[in-house]
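Each in structure tokens, the structures are laid out below.
Paired with chain B in one complex and with chain C in the other, chain A is shared by the two complexes that follow.
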Partner chain A sequence: MFGLEKKDLRLLMFVAGLTLLAPFLLNPFPEGSAMAQFNAGYPDLMQRFVIFGIFAIGFNILFGLTGYLSFGHAAFLGVGSYSAMWMFKLFGMNVIPALGLAIAMSGLFAIVIGYVSLRRSGIYFSILTLAFAMMSYALAYSVLATDMDGPDKQGLLQKGLTGGETGLQLTLQDPRILGAQTTESGNIPVPSLFGVEMRSATELNLGDWVFTFSAGYYFSGVIMLLAFYLSIRIFRSPFGMMLRAVKSNQQRLTYTGLNPKPYTLAAFVISGMYAGLAGGLMAAMDPLAGPERMFWTASGEVVLMTILGGAGTLIGPVLGAGAIKYMENILSKINSDILHTWFAFLPDGLENLIVGMIYPFIGKGWHLTLGIIFMLVVIFLPGGLVEGSQRIGRMFKRKQADDDKPTATTEPAE
Partner chain B sequence: MEAIILQILNGLDKGSAYALIALGLTLIFGTLGVVNFAHGALFMMGAFCAVTFSNLLTLSYQSPEPTGTDFLGNPSYDDLFYVQQWFGEAAGAWMMDWAVPLSILFAIPVMISIGVIMERGLIKHFYKRPHADQILVTFGLAIVLQEVIKYYYGANPIPTPAPEVFRGSFDFGAALGFDPNVIIYPYWRLVYFGFAAIIIAAVFAFLQFTTFGMVVRAGMADRETVGLLGINIDRRFTIMFGIAAAVAGLAGVMYTPINSPNYHMGMDFLVLSFVVVVVGGMGSLPGAVLAGFLLGILESLASMSAVIDLIPGINQVIIYLVAIIILLTRPRGLMGRKGVMEE
Partner chain C sequence: MGILEVKGVGKRFGGLQALGDVNLSVAENSCHAIIGPNGAGKSTLLNCLIGKLIPDTGSVTFEGQSVLGRSPHEINQMGISRVFQTPEIFADLSVLENMLIPCFAKRDGSFELNAISAVRNQKDVQDKAMHMLEDMNLADKRHMHAASMSRGDKRRLEIAMCLAQEPRLLLLDEPTAGMARADTNNTIDLLKQIKEERDITIAIIEHDMHVVFSLADRITVLAQGTPLVEDTPDKIKGHPKVREAYLGESAD
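Up next, the complex of A and B:
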């Protein structure tokens, strides 16, 4: 089905199941219980899971397959966000054209940046992409935020193309030729898909559990599934094989008479378009775009996600994105009071000791945990979480095989 | 003309910091072949060495003042500094005033040991792994170091003043024969530039004129042969890592009066220092220093109002623009050696 092998189809179905059932799976603890703060099943966070999943899947097509480590991928994310915002401002709040423009614009950017950067490889490539991204950041922050047509002009370019530090926002004066300029109550309309507002959500109460199903989440979820499917196809295609060849030995590839440049450029542009799509989705979920999305730490984040999950594997980047966003949103919320309530059953001295030991790693210190986990993964598990789970799986299998053997030999003796 | 001189001077201190960090990066890359993304963190650790040392110097205890009472009638207390107790009133005050320069003495052993521990404990295991892995693991280490510092010192910048003597400004204009009060330059930045020049000269002299330096240079050229001659080159390279860490740390120590240190200052400098290293040419020490000063001065020149009026925003992007142009036209950077990190 879908032109996939059985194994890949199973993976796709697995991811599809996870995505569709996420509101249940991420909400395992009843409302109001002590563990409820570990629930990640609220729309805002689930949207971030899938959007950064798309970003990381795209980055993995470049880094995982060709081995080119780009430190400037956030530039495309920013370009996608800004393009989507302009589409909302000019034409209307439908998300489809906005995402279309986001993909197209980031693709164009990727062609230019990729064409120049891919002339070099290794660390030089990383620095070149970093330089381009930082240039985009600086331009979006300062130059493009000044009005180009004189200060007295009203409305659209009042704050330039990017809006500078405060970011690009929707206003009531935006033309929105194809849609309503304001809602009936006179507010700024929200992004929607043919009338279904991205923010709309229904809640389901089952006993103590509250599950939220948001239109925005399912829309991004379906797009992520499409993106994931496309990445499986790329991984299994002859084109994907060529990209792997670039990673394993570019010199040999050139000696056989093949030019690697078109392939790497195509991979770069595809992954840039994925990033643009993610950026556009971010703008669609929360209509706001700021320059900080292009800063190099944002590029570093997607590198962390991909490596943590497992570069070059299909599902790794999605897992990595989920893990990091989960830590960023859930781990950072825990404070020392919560820790004290958890360990309240211990004697006071021991309680304080344990809380004191855990405290640096949670709350505001979640970056420390992230850094340590990341280092451990790079040192011991170069294949990321995926390799880790495979190793554990193999360990169990071997154990099972060992368990099976003695029973097999004892049976005849009966 | 005055404006140009002023901007060149302004570029010197930033350029000195870039040059020092880039020098350390190049030392590590040239000797061990490791791309160290944690080098900015070492710069930051150096700055916090200065903070720690001045905190130590200003440790005090309270003692009741026999004569006085405060306005509520309670007995009042005096803050007594331990250094003043131990070394006498005047010497103690002098030490507290000169805390930043004195921290150099504290920072050198600390930074060398941090560097050696880092190399032996972590980086040693990454020689055989690809450059991408080295970048990633040192990037992770940088995050960890940064967060540890944040945990102990908080997220806010900590002001660390220069000694009283250097707090004023020097009127360059008057000295050069221009109108007075046009080209004013803080003393401490002059000190920083001079300090950077001394450190750079010391590193070069160490490599050029000592036997140890000679062996290290030989190892940079051909590690295997030096090893075959029965020299323990690994140990020397470890020491070079320590020295490179100390160079970055000292750059950080002396930078504290210019910019109050905060936990992410290293990352801000790191990105630019990498650009500097690549522009100068991977593995070339003179190239790193040259490119450091060049880019620092270019950055200041581009922020002159005349230039900004001509090309808006150029001050924000000039460094990256220059880096892109140089990387595409001179693949080895300004002074790169043949055969180092080439595709």
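Up next, the complex of A and C:
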């Protein structure tokens, strides 16, 4: 079905199931219980899971397949956000054209940046992409943020193309020529899909549990599933195979009559467009775009996500994005008071000692935890979380095989 | 005029004149061996033919067209394939995938954005690759990681990958180096068979005189970057200059 092999179809269905049921799966603890702070099933965070999932899926097409490590992909994220914002400002609040422009503009940027950066490989390629991203950041932060309307006019470009430090925001004066300039109550309209507002949500109360179904989340989720499906097709295509050949032995590839340049450039542009789509979705969920979205730390984050999940695997980037966003949002909210309530059953001295030991790794210290987990994964599980789950799966299988030896069959390779 | 014409080719690495003034004409559908001691410049000469190196002087033409100034993939698409001294394969890919890539390169040219259809649905390419693997007795190993094959298998895979492109000229750089006697004989048989069955020209660099004398129609002896003599195998065997410069080393 969908032109996929059974194995891949199962993976797609698995991800689709997780995505559709996420509001339940991520809210396992009843409201008001001590564990409720580990719930991640609120729209804002779920949207971030899938949007960064898209970003990482696209990044993986470049890095996972060709081995070219870009340190500047956040530039495309930013381009996507600004493009979507301008679409909202000029034409209207429908998210489809906004995402279209986000993809197109980030694709154009990726052609230029990729064409120049891909003249080098290895560390020099990485540095070039980093330089481009920092230039984009500087452009967005100051160069393109100067008043382009002139001192006496108060028009659209009053704060330039990007709005500088405060970012690009919607205003009541935006023309929105194809939609309503203001809502009936005189407010700024919100992004919507043919009338369905992205921020709208319904809540379901089941006993002590509260589940939230957000339009924005499901819209982003469906787009992530499409993006994931497309990436499976790319992985299994001749093009995907050539990209892996680039990583494996570029010399053999050229002496086999294939030109690696257009292959790597196409991979770069495709992954740039994925990033642009993710950036556009961010603006669609929360209509605001700031330069920090292009900062180098944002570029580094997607590298971490991909490696943590498993570079070059299909589902790895999605897992990595989820894991990092979960830690960023959940670990960082735990504070020492919460720790004290958890360990209150211990004798005072011991309680303070344990809280003191854990404290550096939570709250603002969540980066420390992330760093340690990342190091452990890179050292012991170079294939990332995917390799980890495969190992667990194999251990489980072996046990099963030991239990019922006579019926055990060897599985064919692939 | 031969299918490959090398005229006055020279190449210098810093202070080292790796190739002096090489003239070579390889006749169509022949097997031309290039022999010479280590460091004579044999591999360097091949590098100049496939665009890996650009010679400082001279010209290289293949089927009447200049090779110089073209990039390696273009030269390959003209019909020249090379087997390297140490096997160059896609180590991280499966054996079948290694075989599929040259088949795609032959069918689709140097670039094709074929990003949606599945590799396994490309029947023509799949069949051709499987057929080549069967010919080389590698079909059983098709799902193996290419990196985990034996050296002999890697070499045969590389030869098969080159043949899948249906080249007009096949360049082989010491294809039997490091091989056991039995593998060497198999390779000789394989190359003989290729020569008979296909419309192909072979240029081979080889240290093993047994291989050279079983395959070559003509032999060029290279020493210190310049051709010493060029002749038929029988004449080369008896040539005093050659015995002294090269064969002498391995005669005893």
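Throughout what follows, the second predicted complex is superposed on the first by the 403 of 414 C-alpha atoms of A that agree within 3 Å, B and C clash if a C-alpha of one lies under 4 Å from a C-alpha of the other, contacts with A are read in each partner's own complex, and residues count from 1 in each chain.
Operating definition for what follows: contacts are C-beta pairs under 8 Å (C-beta built on N, C-alpha and C of every residue); 3 or more make two chains touch, one makes a residue touch a chain.
If you're wondering where the values come from, they're calculated on a predicted model, not measured in any experiment.
In the overlay built on the shared chain, the residue A:Ala131 is in contact with chain B alone; chain C does not reach it.
Once chain A of one complex is fitted onto chain A of the other, the partner contacts of A:Phe239 are limited to chain C, with no touch recorded for chain B. Contact with chain B, but none with chain C, is seen for A:Gly300 once the two complexes are overlaid on the shared chain. Touch criterion met: A:Ala266 reaches chain C, while chain B stays clear of it.
Of the two partners chain B and chain C, more residues of chain A are touched by B. In the overlay built on the shared chain, the residue A:Thr182 is in contact with neither chain B nor chain C.
When the two structures are aligned on the shared chain, A:Thr166 is found in touch with neither chain B nor chain C.
Within the superposed three-chain model, A:Val116 lies in touch with chain B and out of touch with chain C [touch as defined at top].
According to the touch criterion, chain A has no shared surface contacted by chain B in one complex and chain C in the other.
Note for the complex: chain B touches chain A at residues 35, 122, 125, 129, 131-133, 135-137, 139-144, 146-148, 150-151, 267, 271, 274-275, 278, 282, 312-313, 316-317, 320-321, 323-324, 327-328, 331, 341, 343.
Residue ranges on chain A touching chain C, taken from their complex, read 3, 5, 233-234, 236-242, 244-245, 247-249, 251-259, 262-263, 266, 270, 413-414. Interface of chain A with chain B (complex): residues 67, 69, 116, 119-124, 126-128, 130-132, 134-135, 138-139, 141-143, 146, 250, 296-297, 300, 303, 307, 360, 364-365, 367-368, 370-372, 374-375, 378-379, 382. The residues of chain C lying in touch with chain A in their complex are 50, 52, 71-73, 76-77, 81-82, 84, 88-93, 97, 100-102, 104-106, 108-122, 143, 161, 165.
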